[in-house]
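One structure is given here, and the rest of the page talks about it.
Should a chain be cited, it is by its letter among A, B, C and D, assigned in written order, with residues numbered from 1 in that chain.
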Amino acid sequence: MEKYLFVALFAPLVGSLFSLLFTAKEKNTITAIVTSALLLLSFVSSLTLLVSIHDGLTLHVKMMDWISAGNLNLPFGFIVDNVSVIMMVTVTLVSTVVNVYSMGYMGHDKGYNRFFTYISAFVFSMLILVMSDNFVGLFIGWEGVGLCSYLLIGFWYEKESASWAGNEAFIMNRVADLGMLMGLFLIYWQFGTFEYDKVFAHVGSLNPAIVTSIGLLLFIGAMGKSAQFPFHTWLADAMEGPTPVSALIHAATMVTAGVYLVIRASALFSLIPEVGHIIATLGAFVAVFAASMALVNRDLKRIIAYSTLSQLGYMFVAAGLGAYWIALFHLMTHAFFKSLLFLGAGNIMHAMDDELDIKKMGGLFGIMPYTATLMAVASVALCGVYPFAGFFSKDMILAAAFNGGNFYIWFALFIGAGMTAFYSFRLIMLVFFGDKVHKKLGFHPHETYPFVLWALLPLGILSTVAGFFEKPFEEFVTEILSKYEITIPHATELGLIFLTSAFVILVIVATIYKYNKGGFSKQLENMPIYLLLKNQYYIPKIYEEVIFKPYYRLSTFAWKQIDVKIIDFIVDLIAKTLYILGQKSRKMQSGNLSDMLRWMVVGIVALLALAIFYRPGM
Amino acid sequence: MLNPISIKIATLNLATLTPMAILAFGALAIICIDLFTKRLDKSFFVMFTLLFIFLDFTALIGLNGPSRGFFGVMLVDGMSMLAQGIILISSALFIITALSNKPFKEFKKAEYYALFLFMIVGFQFMVATDNLILIFIGLETASLALYTLIALHNRNKAFEAAIKYFTMGALAAGFFAMASLILYALTGSIELGVISKVLVSRGFAPGAFTLAGVVFMLMALGFKLSIVPTHTWTPDVYEGSSAPLAGYMSVVPKIAGLVVAIRFFDIFLSSQIQWVQDILIFLAVLTMTLANITALVQEDVKRMLAFSSIAHAGFVLTAIMVGGTQANSAIFLYWILFMFTNIGAFTMLWIARHKKNLWGSRYQHPFTKFSGMVKVAPMMATLFAIFMFTLAGMPPFSVFWGKLYLISSVINSGHVVLAVIMVINSAIAIYYYMKLIVYMFLKDPITEDGNIYIANSSTPIKTIVGITLFFTVAASIFVQPILSVVTELIKSSGY
Amino acid sequence: MITLTHYLVLSGILFSLGIVGVLRRKNLLMLFFSTEILLNAVNIGFTAVSKYYGDLSGQIFSFFIIAIAASEVAVGLGLLVLWYKRSGTVDLDSLQMMKG
Amino acid sequence: MEHILSLIVFFPLIAGIFGFVINKENVKTFGISVAFVEFLLSIVLWIAYDPTNSGYQFVEYSALIPQFGVGFYLGVDGISLFLVILSTFMTLVSLVALNIKKDIKNLVITILFLEMTLVGVFLSLDMILFYIFWELSLIPMLYIIGAWGSGQRIYAAIKFFLYTFAGSALMLVGILYLGYQYYLATGTWSFAIPDWYLLVLPFNTQLWLFGAFFLAFAVKVPMFPFHTWLPYAHGQAPTVGSILLAAVMLKMGTYAFIRFSLPLFPDASVYFLYPVAIIATIMVIYAAMVAYAQKDIKQVIAYSSISHMGIIILGIFAMNAEGITGSIFLMLSHGIVSGALFMLVGVIYDRRHTKLMSEFGGLATVMPRYAAIFGVLMMAAVGLPLTVGFVGEFLSLLGFYRVSWEITVIAGSGIILGAVYMLTLYRKSFFGKVVKEENKTLKDLDKREFAALIPLVALVVILGVYPKPILTTIDMSVRKTIQTMERKALLPDTKKFLLKVNSIGGTK
């Protein structure tokens, strides 16, 4: 089986290196084809692994030694078990789709070959992240995906905003990574190793305080990668990247790495429910917080980005409450419909030549029906309407929240669901229905290439039906993840589900109705709450003012004032002083004989005086 | 009716006098020859002188100390032999530089060489006795000859230098005489050995007068060693006299002075007179520091080297303060290594000597003269740079080892702070040596014609440079043999 | 009755006079005389002390000092004459080419 | 094989002397070939080196001044081996990259002399010998900076020289004093480091000596606040000078810490641990900030070196195998990366004769290859996993975490700030539109530059993916050093501390 593992892992790398050769050259479709093929290959082998894992085998291979110093001995080790294989399948599937899709989407871009290089590189790092059998390996992937996301966000580097967003993403992740790094160090000095199984085997016997701190530090890392508050700003700005990137990295895979980390370390986190509680609370908060920003935003992609944030919040709630398999399930389903949503948005952008303001669209349904359908499906799934994928995963999370007795979390998620329903259908309505604003603005939208649509189809299907795999999925992953028992009576559970669904559907209907009527009135936009949401709670501004600018000023001060004016000045001062002393002492050499003789006599007299007045030990 | 005094020749042990006798004879011989035949070329004189120096050297080696002679005034011990060796070698190296490419009046005169030989005799007497009279005579003979040699350079600056040197020398002589008088009055003897015995037996009382004697002696010797505040003559005299002579002056009179100083101060240091120690430390620190910071601002290489030699003297003074075998051998090791390097450096200046001063009339060897030298005369520049770095005590060149051993001896005697001051001083010192290198290597040339830098060179002089360079660069190998010989001799002479 | 002390005091006074002369005199010739005074002051001291100890070496020393003083004068005057020829003055302030 | 070390040390010197007679046109070729042979020699050394033996190998001893215990004493162990290879390698690369025409002959000869001194420093086992090479290395660098530099080159050169020379003045006293202590203890003079390792010094003496040595090393590293010579030196030095200065010369200081400070004065080292660690932390953050404020690309990299050296110091003073091994590896990686970065700056400087970021922008469009290579090295500089930069940084911080997690957190923020200034630099000069006319026509890397850069990039990746062989070799000798420390430690606290930092588990 190992060969499948290595194929799955290295096929993307090969693809990346292959198209790397073409980066400096003209657009060349071969790169796209080869990479897609290799990604597909990787997907297939992941599937085979999935099957064989299902038949109860677990792969754990040590490829080669990496670092060894002192007591540390750190090999490249990979593990394929029920959890990682799910991730592998998801990642490779989505990435394959996205890659194929990009052949159309990036068709006219001069960075064509470069793009596919990055995408495959990203998949490779992502696979390392999920397949590694130790924390440092995970960290490699962690940083690797960070790099690729940096490169892809800044893909159109001529755009100031793009390169800026890239830096922001990288640096913010770095901040979180520091926390994670500290967690790793702590783990090492406790266990003397980084390997999951060894660590988790002994974690029980550890002073809880330390476990807590490990958990917190790791979670800081997770927050960064999954753009949880307060690190969330980079994700919205990351939308500067090409849309397929947003679909793959900033919706389906990378941003969920944080969740994956928590699930991976479930053995550790399950020991520290209080930390889990913090995670869940933060998740719930983000779920609402992000959704609220999506309510009023007019930027097609940012809306979806915020919804991603809020969905990540849901996942963290599940993970925090110990419902790891549910988190994973939602992670998977979300990957499907959210990437679908993004790719659909990509089609629209293409049609509207990269216009993003949804107020400038409308009535596109007639022009691009397939895209519209797919996006509708995705949205419904996102809102969690039966029988679409989102329904199952999301309602499980709500149930879990209720079950844990954290009613405020449940309520937050409940509201969040409503908001989700609203902004999704606000988007649908404004884009596909209503009057054709784009006509006035002189756009000439058109449906995209068929093969792109075909590529999207699998995602569409999965978003629809994935939910029905809930039970087998649960059985499958709970082989290694802790089971999660819903203890509340079944009736209550059903009641909740009904309640939520009813609420969601109600909101959807209301939204559709309202926007058929021509949407909300303008003066709404002057309400302070609206402005607050529109400006993302002014958080980016605050960062700008409180962190970025002061840091630059401080640095300049350190250089201009401290370094040059103080330290270096003192150094030169010493030299100067000596030189000036020299100038002074030079006067002694008056060249006049009498002075010379005088000096001699002065010497004699002075010493004679000493002979009389200075008497140590005589 | 006086009864006749009868002395057996054997008891005189005249062998101890032979080295000086040889040179004295040589000096007279030169004059006589000059009487008979005019138009003798300088090459003849030089070789003739060299010959006698060589004879002297062999005679010196022939002696086996420690022994006394000639009514016990001559003292042949390890130290005197070492010192005479240094004096003779540097004299030999010096006299060859007379064979320069450009003609100079003084080298045509027989007197020059006669005086030179007399001067050497003087120095030899100075180091080969512990009798104050003889020291005084030697000192004066040497000095008076030296004044004349300087004057013979026959330029205004030379005369000024000679007169300044002479006058201050006269005053110093007065100090020396006074010192001797005080000591004589205190102890009734003019032999350092006896003086020491008497003083020790009397516990150095009365303190004030003893110290007064010390002070006068210190100033008299300080003048020779150019210790602050009697150093003021050094830069002027060096500048005024010809480059090789300046180099010679920075080595030979000082070693003679050092030997006397060692002999004299040993009386007080061996019996731990705190006062003397403190004063010596004070003067040493003062000397090296003042000289260093003054050297920083010099515009003329020769003057800079003058100050540097003052600083080196201050360096060595610390070793005198320390006393003991290691320190004293450190002095000689240091001085032997310093001799080669310093003579080499001054010879380089001698080579670069050029009749018309293209760089302003005030100075003969201003720094600007050497800017960009590496472009037009790379070999010269490199050699010069090596000598400079060596004088700065840059490892692994010769002076570094002397410095190392000397500082080590200071540390071993427990004066760590003094050692720190010394290294800080050498850190300051590197600047002015480097200044010349910066000019030679980093600045742009002022002239395209590299010949002006080697105008005065000639094969013999090149040889000198070669020899000195060899001993400078390959010092790492010679240090051990030199050191063992030195230590052995110093031990044998009981210091 | 004149004791050793008197002689020594005398020699001290002379010596100081010499010193003062050396310091004050601007005329080189006079300056040389002052140095002679220095040496002769010492001579007095030496002879007195050697008489006091009944030891001859002191007097020998003074003889040598006299000799040396003579030769010093010779050299000194020689230099002086040369300088006078060149600069036409024996004022030591004329010796100021080199300084700094 | 007996004399391979002295061969490695003196081969460049001899070759350099031969260089005087070679004519101008061929002298560069000569230099490259000599450097290549030297590099091969060092590789041979590596091959012949027995990684299972932690002691000194290929030891050569011949007495120079037996009476004074000074000897010509060479030896190599895991700590010095790779630094030697680094020196020879970087010299080779910098010579390949060399494109100065002015006085090329003197330059090549000087570089060869410099190589000798660098290798000598790492191979000497005699303190005096070490001091000799340590000081000698200043002279060629003085010449390189002063003669081929730009702008205030002379000021920069003199500052560099005087500062470092003065810094090591006290060390000389320290050396002699230590020698005397040895003399008192054993009755014979010796300056051989292995002998000194046997010498147990009283605590107070250790403190003083540690101080004396510290100043010299701190100036060389350079540690805050003794760092101000570095920006000038780098700012004015020609590319080749900067490469050798950053890649190798800075490592002398940190190497000396490992070789002398720790094993000779274990108690003092532990005693001074926190002050030093705090200085190092300040270095990391302060330098990173100053680097961020710079307008000149080269200055950014210059200050970034200071920042990285801070992490190296931390790793050393972690006093556990992880930290020290990591720091040595970080020396290597920083050598490669900073060298390459300076080379890249040189590339752009040759084309535009300016190093100001504001002059550039959009270079990624006109010089894609250049941008790509720069990007790779930038990522190595910010310590991305699977590049060479990560391993050392990770291990150093990991090591020091055991000593104090608080300081590690603060110093660890270096990885953030590092990303800040590096990405900003990259963004300002490579991203955005090409605004300046003169930038539109810039040539991408040519063959010579590729030849110099590709090996470095390759190393960055290879050593990032497979550092183990190097790490294990280093680790052997580092453990030995730590054992020496444990053996010599006087105070119980020191013993306890060393035991703690070298063991897994326990509270906190």
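Basically, a contact is a pair of C-beta atoms (placed from the backbone, for glycine too) under 8 Å apart; a residue touches a chain by one contact, two chains touch by 3 or more.
If you're wondering where the values come from, they're calculated on a predicted model, not measured in any experiment.
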item	value
Co-neighbours of subunit B and subunit A - touch as defined	C, D
Pair sharing more residue contacts (C-beta pairs) when A-C is set against B-C	B-C
Subunit A-subunit C separation of Cα centroids, rounded to whole Å	97
Subunit C and subunit D: spacing of chain centres that average the CA atoms, whole Å	66
Averaged-CA centre spacing for the pair subunit C and subunit B, given as whole angstrom	26
Centre distance in Å when subunit A and subunit D are each reduced to the mean of their C-alpha atoms	36
Two or more partner chains touched - positions in subunit A	586, 589, 591, 593, 597, 601
Numbers and ranges of subunit D residues touching at least 2 other chains	162
For subunit B, residues that touch 2 or more chains besides their own	163-164, 167, 171, 235-236
Every chain pair meeting the contact rule	A-B, A-C, A-D, B-C, B-D
Touch list for subunit C against partner subunit B, complex	8, 11, 15, 18, 22, 28, 31-32, 35, 38-39, 41-42, 45-46, 49-50, 53, 55, 57-58, 60-61, 64-65, 68, 71-72, 75-76, 78-80, 82-83, 86-87, 92, 95, 97-100
Residue numbers on subunit D that touch subunit B, as the complex places them	63-68, 103, 106, 128, 131-132, 135-136, 139, 142-143, 146-147, 153-154, 157-158, 161-162, 165-166, 169-170, 172-173, 176-177, 179-180, 183
Parts of subunit B lying in touch with subunit A, wherever the complex brings them together	163-164, 167-168, 171-172, 175, 204, 207-208, 211-212, 214-216, 218-219, 222-223, 228-230, 232-233, 235-236, 272-275, 278-279, 290, 293-297, 428
In the complex with subunit C, residue positions of subunit A that touch it	586, 589-594, 597-598, 601
Residues on subunit A engaged by subunit D in the complex (per definition of touch)	23-24, 64-72, 136, 139-140, 143-144, 147, 150, 154, 157-158, 160, 163-164, 166-167, 170-171, 174-175, 177-178, 181-182, 184-186, 188-192, 207, 210, 551-552, 554-556, 558-560, 562-563, 567-568, 571, 575
